[in-house]
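Before anything else, here is the set of structures, which you'll find just below.
Each of the next two complexes has chain A plus one more chain, namely chain B in the first and chain C in the second.
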Partner chain A sequence: MSAGTGKLDVLVTDIKPINTLVKRFQFERADGRPLPNFSGGAHVVVEMKDDDRMRLNPYSLMSSPLDTSHYAISVRRDDQGRGGSLFMHNQVAVGDRLVISYPVNLFALDLRASKHLMLAGGIGITPFMAQMAQLAANGSNFELHYSCRSRSLASYAQEISAHYDHRIHLYYDDEGQQIDISTLLSGQALGTQVYVCGPRGMIDAVCSQATAAGWPDQAIHFEEFITPPTGKPFKVRLARSDKTITVGEHQSLLEAIEAAGIDAPYLCRGGACGQCETDVLSCDGSMLHNDHWLTEDQHASEKKIMPCVSRFEGELLELDR
Partner chain B sequence: MSIQFKQETFRDDFTFSNSPEQIQRFPFPFDKDSFMYSVNLEPHADGRKDSAYEASFDVDEHYVSEMHDRALVLDEDPLRCQSLPHMTLAGWDVLELIMTEKSRDYPDLFTLERKGNQCHWINRPLEIDQHFTFGDETTLPHGPMEYITRQAQGDFCLLDQRNDNLWMDAGIVTTQADWSLDFDIGMNFFEWHAPVPLAHEMGIFQRALKFLLNIQQGRPARRLNWTLTINPRLDTSPENYHKWGIDKATVAPENVGDKVHLRVELQTFWRLPRSNALLFPIRCYLIKMSELVTVPKWGRRTHRVLRDIPPELADYKGFASYRDTLVAWLSQYDDGEKTSPGVWPE
Partner chain C sequence: MVAIMSDDTPEKSIISRPMYGRLSAGNSTHHLFVADAEGAQAILDMQVPNASEFYSRAHIIYIPRDSGNRYLSSLQALNAKQFYTGPSIATALQRLQQTLSTAHMGLQLYLAGTEGLIGQAMQVAMNAGMDYAVIQTEHRGSRARRVQCVHCKGITEDVTTQPVTCSHCGLLLLVRDHYSRRIAAFQGVCINAEDPSYVPEKQEIFK
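Right after this comes the complex of A and B.
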């Protein structure tokens, strides 16, 4: 495989429903040894063999980096999605074997910070769970603001409040509560780093308000894994491999390339890491870019595409792959 | 195979030399008869048996003496080892990685016993027997990075990864080829590479950085770099230029084979799991020209490479002034025969 990571054979040792939408999965290493160490903010890519289809989805590790006897992830069910979360919810059982990647961290803490200010929305809470465990263990200064739709859907809110007490601030949409981002950002001491993980609107709001308030880019961190969007099937010519493939409605371009037996590079599969960047040789139609990696100019130039999340509509797309 | 550790010096009387076995395992850098600067990164894995690439952190016959030389340098100049405050966790990563790899690769030399955070480390060649608590600096005589790198050959840079760049935020540097940790500390990847000529235009630094940022846990990478050094001096630092700068003027036809050393850096890159930092060890290997030519292929090839290298590169690598003397001496070991591809002796 072309992921720059090794693979781990794991057993599913626990599955817990957290609320009506979210389940927590616990993995242990199949050979009984401890899992590799990792840093808060890291994710793993879970391989799902669903009949003849192979899906690989990234999930943030939420268990404590100080305890490598197991890893835990949380999966939010998406009934409209491409089926990865449904597969995890409906088909995976305790005792199953899975293959996951080594941890990769694209959302690392800046350990120079005098304070870590964290903003989470919904399932975006998971990387912060691991980061808070890491920071609490060495007495670092952090504060988490967590916004959820409702009390009943606030995954882990009780648990972290009990654990970290006044460092946790909760906001419930259905009770009319909202994080006051600008006030929050303006009251911070020099040396504070801000981290945001959640829906795109929240990430955009935090990033733009922080920038407007004069925060340097280096002090603003965000992570959003885009799930590959579905869309109309399209044809792609892979010039180097001399193959023409069709990308299905529920398939990503990267998955279609892999299904054709071609070893293509990737790391995050969510438009964030840059590993899958591919040169476009010709494009008769329009590209539907969905990544965070390429610049707007690069998107407009139609010379590059990120096959993990981006699609195409038109006659034919030709790639250097 | 047990290693016979040598007692030798890298300064003053320069008693350093390589045994015939050590010559065979030298990491010869030229895979063809000409040299072109390239990034040449490859996985650091599946090391060939009895080569410098076999172990994660190679231990050879110079180990004990090199560690003694490092201690001397640090005594004179403690700033050769520095760690910015946020790099302590990365230091523990380094200690854990080196202890784990060395005790696995050399069970007869090193032992690590561990129960939770209680550790017992035995280093037989250096006669060290240490109990300590992982994560508790007060249980070691030095900080974690310094402690373990006083027991590991080569320089070590610890690079923090932030904002899509790498930052030289800690390191121990006592065997460097003319650069200074004290000068580079806190710099990012582009800043500390700034003096390299030619290469920048090729955009290879951009590509190299992208590669390094994506190095993942359990998948280390390596590359070789080389230069020439007069006398087997490990510490050719800018701080000590007044001691070694004059050495070049001593090269003459009758001593060139013993004075001039090929200096190869085996650079490796490791993602550190707890801190997400990158460890960048730079391991220096020295070999006298007179030792190198005992391998006929290497003698022929080294002659051709050094003869044909562009003047600006000879200048950059610092041997322009004695290149002619050296090439003339090497020419007697080049009979014009073909050389086989690759770096191995034959």
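Right after this comes the complex of A and C.
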């Protein structure tokens, strides 16, 4: 498939349970060569062939960008989800071959910063693992505030605390601890950049409070991969390809387009990068927009859709694809 | 050589020259103003919805220069949390640098007045790690240029004539329309290098 980026054949060389929900997977290149370079914040898209179904899920690289002998990702099991994480948890074994995309970075560090202020929630810790390794090697100034449900579910908390010491601040929900976002934002020296990765509520809170306090957009960075929501099946007419397809309950529109043998562009598959933006030719029904790429006006206009995460309810949706 | 211009728009033809806008009250908890001479009027003209609250979180650094005390009482009446007037751009820049060294993200910076002030204050702000996006500028008053002699690198302030004598090396300089943001100055090039006996008459054109 040529639509995303180039592909890499990898071997699963290690799988480690981190806690009851999270497993860490390590990949090495099948041909034994070093993997491509990447910068902290990059993700890869993992292809999962599950019987006759193909899933492609994005995962942030958490291993050090300084060591390209392997890549590592962490997968949090989601029992209610569409099955990608369950596939990784239950079907993938050490020694398996997988296909992953080249790394793409949509959450890059701004290296001109005098300080990097990082806020992580839950599994949102993973891109910061790679970024911290990169910053520590450069001798750059950073500080991480990491909020977790409980001590037992705090993936990598002990490891990073031991490694980065006072730069790491941990907060446990079940002990009533919370990141005081506004205080944190109000005391940062000029030249600080803020980065947030975690649940939607946390990202919204950091972005809106930073903006209200006068931080320029350029200094606010966030990443949230939305997992494509499930929903009622719906019909789509692909005008350029002259095909009509049905998007299944657990399938994304993008996956259904791909399953019909059509190359469609994508990078993040999580509603963030804008790559999959598609023109809507007609819409007899209502679109269920889930991305945070299009503006509210664009959502309302019903002229564009992001097929990686958005759905449709109604008679027929016709796309320029 | 220099296009006729309206009173508040710098020559549009100079691509390297920064564009100036109109000050407008930004969204933040901290506001810092640096202005010289007529730049005061840009601050006074700014629409501020909740002025007393806004200025209770503002700091104004003002250099009256040849406007004397024309604007002082109006500026004071804004009741800024801090109000400082200084004798020269140099002292104001020093104060700006000090202020920025302990300032926090979110600070909005407003620069108003002559191009020399705006350009130099901008440099100080960028060196302190500020982002363009939180710096607003408004040009007011004199079009005098800050000129750097390309031969001795000396800076001559408040140049209104074409040509001008370099205040450092004494060469007669043609003031070019080439503006350097890095040094916040226009370039001055010797006008009579081939024939020093050629001394064109100085004309007052940057007013």
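Methods note: the second predicted complex is superposed on the first by the 318 of 321 C-alpha atoms of A that agree within 3 Å, B and C clash if a C-alpha of one lies under 4 Å from a C-alpha of the other, contacts with A are read in each partner's own complex, and residues count from 1 in each chain.
To be clear about the criterion, a residue touches a chain if its C-beta (ideal position, glycine included) is under 8 Å from a C-beta of that chain, and two chains touch if they have at least 3 such contacts.
Just so you know, these numbers come straight off a predicted model, no measurement behind them.
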### Message
Just checking: does A:176 make contact with chain B only, chain C only, both, or neither of them? Give me first, second, both or neither.
### Response
neither
### Message
Just checking: does A:217 make contact with chain B only, chain C only, both, or neither of them? Give me first, second, both or neither.
### Response
both
### Message
In the overlaid three-chain picture, which partner chain does A:111 touch, first (chain B) or second (chain C), both, or neither?
### Response
first
### Query
Which partner does A:39 contact after superposing on A: first (chain B), second (chain C), both, neither?
first
#### Entry: Partner chain(s) touched by A:187 [first = chain B, second = chain C, both, neither]
second
### Task
Would you sort A:139 into first (chain B), second (chain C), both or neither based on which partner it touches?
neither
### Message
Touch test for A:102: chain B only (first), chain C only (second), both, or neither?
### Response
first
### Query
With the two structures laid over each other on chain A, which partner does A:261 touch: chain B (first), chain C (second), both, or neither?
neither
### Task
Identify the partner contact of A:201: answer first if only chain B is touched, second if only chain C is, both if each is, neither if none is.
neither
### Message
Quick check on the output: what are the common chain A residues between the chain B footprint and the chain C footprint?
### Response
217-218
## Note on the structure
Counting only contacts in the complex, chain A reaches chain C at residues 113-114, 185-192, 194, 210-219
### Task
Name, in rising order, each residue of chain A that touches chain B in their complex.
4-6, 36-39, 41-42, 65, 102-105, 108, 110-112, 138, 217-218, 267, 273-275
### Query
What part of chain C is in contact with chain A in the complex they form?
26-30, 100, 103-108, 128-131, 133-134
#### Entry: Residues on chain B engaged by chain A in the complex (per definition of touch)
84-87, 89, 93, 96, 160-163, 210, 214-219, 273-276
